[in-house]
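Handing you a structure now.
Which chain is which? They are A, B, C, D and E, in the order written, and residues in each are numbered from 1.
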Amino acid sequence: MNNELFGFEINVWFDALARVGIIVGFMTVTVMALIYIERKILARFQMRLGPTRTGPRGTLQSVADALKLVGKEDLRPRMADPWTFELAPYVVFVPIFLGFVILPFLLDWHVRILELGLLYFVAVSSVNIVGWVMAGWGSDNRYAMIGGLRAAAQGISYELPLVLALLAAAMLAGSLNLNTIVVAQAHIPYIVWQPLAFFIFFVAALAEMNRPPFDIPVGESEVVGGPFVEYSGIRWSMFFLAEYAALFILALIGASVFLGGWAWPLGEELGRWWQLVLVSAKAGGLIFLVFWVRASVPRLRIDQLMSYSWKVLLPLTFVQIVVNGAVLVYDWPDVVLLATGVVGLGFLFWVTDRAVRRPRPRPALVAQSEAAR
Amino acid sequence: MRGIAKSLLTTLSTFTRRPVTREYPDVHRPIPQRDRAFPLLLWDTEIDEPFCTGCHACERACPVECMTVLMKDNPNHTSQGGSSSRRKIIDKFWIDYARCMRCNICVEVCNFDAIAMNNTWQGHELSVYDRSDLVMDLQQLLAQHRAGDIKEWVAQ
Amino acid sequence: MTTDETQPARATGRGGAQPASPPPPPSFDDTIWPVVDRALAGVTATPERGSLDLIVHVPRDEVVAALRALKRHADLGFDYLRSLTAVDNEDEGIDVVYHLYSTAKRLNLTVKATLPNNDLRIETATGVWRAANWLERETAEMFGVTFAGHPDPRTLLLPEDMTDTFPLRKDHPLAEIEVLQGEGMGYTAEGQ
Amino acid sequence: MAMPRLPDQEFETQDIMINMGPQHPSTHGVFRMVLTVDGEVVRDVVPYVGYMHRGAEKLCETMDYRQGIGYMDRTEYLANFNAELSYVMAVEQLMDIQVPERAQWIRMILCELNRISSHFMFTGAFGTDVGVFGTAFTYSFIQREIVQDLFEEITGDRLMYAYFRPGGLAWEVTDNFVERVREVLTQVKQGLKDVDGLMTANEIFIARTRGVGTISTEDAIDYGMSGPALRASGVDLDIRKTEPYLYYDQVDFDVPVGEHGDVYDRFLLRVEEIRQSIRIVEQCLERLRPGPILPERMPRMLRTPPGEVYIRTEAPRGEYGIYLVSKGGNRPYRLKIRSAGLSNLQALKEMTVGQYVADAVVILGSIDIVLCEVDR
Amino acid sequence: MEPQSIDQLYSNYLPVLIATIVGFVLVISALLGSRLLAPFSREREKATTYECGMLPIRRASTNVGVRFYLYAILFIIFDVEAVFIFPWALSFVGVGAQAYWVMVAFIAILGAGLGYAWKKGALQWR
């Protein structure tokens, strides 16, 4: 049994190994690039320059950081639980890394397109919550403990909207195979038919990645880094690596499932390079959005975050799934999807506004030209 | 959501603005002329000796006691055949820049206008590895004005 | 009753807006003293003309009663404790000084109680204003005044074990300044 | 098989003590509070201050009046002009010095600009507290920097100005002072728009701040709070209005007062105060006339007659009071600094207990403490 | 979906196995690299827990009041539900309207459960 890689027939083991090897290199470079890009973009949002010192325009900053982290002392607190503390980086990193296996980079380049790709992704990626809890509990640190518990609560709560929002899109394609989903959007991406699901996916993805405004587990101003407050050096960088790898994976999944991956808008008969451009533009746009949101919004509080997931997002995903089912079963026109999506999104925004602007009026500032004497 | 949208637009508008960062070692901040860095002694170029007579006025007025002043008889005084009208002159002068709080009082109490805080020299780039390196002696305190590196600005 | 009593004194602070008024006559009719006097019935209070505010001297045993009366009095209503501190008058004992303010009537008043050096005890004012809590803790640690009945008599600014010396007393010396120059720098070795 | 018997307490949850500070990113200096936390809810909070205590009062008692000015800067390093003002006003009051009109107007301009820069420091740090990654901070600091640059041009120092003197000012302002101030004001207005747009209407920001850390009017007064923290609770106590000093009675400005006493009100109030300060400065600029900046006859050595005075001014954080006791001579016999931060901080427990851990940080930020001022 | 041969499955999921191994190897090699390059000290002070500069008072791992266990229970319920929905979502079009309404009923029951939990205050984070 043989497989084909770049036109060469090779053994399936070597094929798999080679592809995973390419992914390793790709991931490392991407993560470093993402860190650099994030710093630059955030800096521009804040009218700063960002890294400028290392290499031309600071491009080697990530390399320098990585070298520094490798050279840093790797400390383990005396009171920490050795096994959980030492194993947590693996449990955080490996599941994220596994997510790379199913990514549909291009039409004909991917590690493997699994028939149950989306399910596989969902199953694998949620494991890393365990790693966060392990890191939090194992450190024997109160901040880490609180951060780990928060990570667990947040992770499980946003897992459901994320999964169901992806499922809503997969229903339309009738497949969990990511390539099939991309091909199904050859002309119109699902973001058009499923704006609500896309929004929910985006929000839930932010929460899964512990990105602002959902960076509660790692909230710098409260729990000082959360679960990995006790980690240093290379062990800490594993969390960082996982975080940015997750950012990339989720952006690519979002780009594939809702934005049409390498296909839309020019159809699928494209050269490899055009596909590359399209897929990077879409994933890059999502990543930029993540950075943009990071620069603009404050952090939610844990109870608000949980309420938002359970009381707002989750019921709406159910509604979306039911509507999708009805449309598919009774062959209603697709416009119904768009309409319900827009209505649902409007409802979601309205609920959010209502929840925030509670009945109480906006505090009026009593201006007095002459203070009562 | 409207508020979040407003936030996003605000950040987007600043995204397009020019960064305010100055790349420090390459680009220096323009220092206002009045910037009082650290106290320095002035050099009387006409007679070629310091203005300071070592009268201890600044030493007494210094709130943080960062100065040490010692005076001596001026060998250049007219009575000794020299050209100076100063009977006494500064012998030793130390200022601990690490302790100086830049309050300008020494300048205000000086009767001879011998000390100034308006230099444009190294005043804000004084990083050293040893705190005792920040203790300046007479030669170091005089060197800047002697070399003409100080832009004059006298308060009042 | 308005802020009239502060007017003549404040004018000088306003710098040139009005000529400085001559020192006020030793009568207290134009101040809030009559009202304060009535409020402090039963307390031996001595008024004094302060620079801005009226100062009332109260015996230390009656201080809290007086403060409470001042807070409760309808025409005064000193519900706001601006500041609470002490002054070490060396041989004459330690004054505990309360600066009061009335948010409703916009009045100021200074209340003073003198404690003899051999018995630095005074009743706590935390029952009157909760604001007194930390201020009394600070005064206690800085001057060694004991506020009887204070709910939380720990040190505030000073280390917890620093209870034997009282920094703001006049007999407490300043620390020596560490010298990195002059003789310390080898002046003598250089020779003169 | 019988279940193994567990001790009764085995499943009892315990409150954990979280120690925040002195080295914590959001305690605004070296402040320490120990939170007793049940899950995520704060059950008790014990604040510890004093890490920055340097004995400024004692130091000032050992040095003459002019030397003390520099120490005032260091007690309140975000509102130095306000701190200096209280101090020099106390000395002027005791010595009965009349300050020339021009000096007073300049003092007012500088104090209000200082209020602007201080409130910008608040918006920046507070933005970080609620979790805006750095954006609020840089927005605010850019504005603060602009004001700071102006101060440096005038006084010669970026932070520790030591510019006010009993009787007036140390030296005349720069020639282009008026134009520069106007320029700074235009920039600040733009910056305020940014900060406002970033935070004020943001739903997440509102969700995090509204109804959090509420303190009632009575409690706020009872705790001796002052400044914006007090006014947010609905007390219109602003010393600039109630006991005008400088020429505050000659300019037109509003005192914003909150209604709910929560964190959101405190934030809005400070933003509004920036606007009012801009208004005051604009009026001051119009009334600034050439003239002397020190009285004609100033003694070379400042000596006060015996007496005592309690001067209070409205600093950005609240009432900055100087209680100055003189027994004659050239140095204060007793100098007490009434710090707004210390009194405001007392109410922390009242505001925090029953809130979430994340709120504790926001509440602390909303008080806007300066630890150097609290500890002196 | 046509049934896959075992060989195909094997070929498809082999990279998953390899990626797992490679992932672990990556972390291990990074840790080894740091072991070689980074300094190590035996200083005990360094190994104290970070408590903002104060010495930790007690062990942190006490019985913390975890307030979200109700969420965790709900999560398990709903996650199982999601697992049920997955195969349904892919095949109900072929089965027809009946399958659709069955699943609507299923979701409705769960929705009612969520509503009940909401009303009972299980969604309150205290």
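Some points to look at:
In the analysis below, a residue touches a chain if its C-beta (ideal position, glycine included) is under 8 Å from a C-beta of that chain, and two chains touch if they have at least 3 such contacts.
Everything quoted here is computed from the prediction, not taken from an experiment.
Ranked by number of C-beta pairs in contact, the top chain pair is A-E. Comparing chain C-alpha centroids with the centroid of the full set of protein C-alpha atoms picks out D as the closest. Of all chains, the one whose CA centroid is most distant from that of chain B is E. Annotation: 30 Å between the Cα-based centres of chain B and chain D. Remark: chain D and chain E have CA centroids separated by 46 Å (rounded to whole angstrom). Between the CA-based centres of chain A and chain C the separation comes to 60 Å, rounded to the whole angstrom.
Contact with two or more other chains is made by residues 3, 106 of chain C.
Across the assembly, chain E contributes 51-52, 56, 60, 64, 66, 125 as residues in contact with two or more other chains.
Across the assembly, chain D contributes residues 16-17, 19, 24, 40, 135, 139, 142, 198-199, 202-206, 242 that each touch 2 or more other chains. Residues of chain E touching chain A in their complex: 1, 4, 7, 10-16, 18-20, 22-24, 26-27, 30-31, 33-35, 37-41, 44, 46-52, 56, 59-61, 64, 66, 68, 71-72, 74-75, 78-79, 82, 85-86, 89-90, 92-93, 96-97, 100, 103-104, 107, 110-111, 114, 118, 123-125. Of all residues in chain D, those touching chain A in their complex are 16-19, 24-26, 37, 40, 127-135, 137-139, 142, 198-199, 202-208, 210-211, 236, 238, 241-242, 252, 254-260, 262, 264-265, 268-269, 272, 356-359, 361.
Per the touch definition, chain D reaches chain C in the complex via residues 49-50, 53, 55, 57-59, 62, 89, 92-94, 96-101, 103-104, 219, 221-224, 235, 237, 242-243, 245-247, 307-312, 319, 321, 323, 325, 333-334, 336, 338, 342-343, 345-346, 375-376.
By the touch rule above, chain A contacts chain B in their complex via residues 43-49, 52, 292-293, 295-297, 349, 352-353. By the touch criterion stated above, chain A contacts chain D in their complex at residues 42, 45-48, 142-143, 145-146, 212-213, 215-216, 219-224, 294-304, 352-353, 355-358, 360, 363-369, 371-373.
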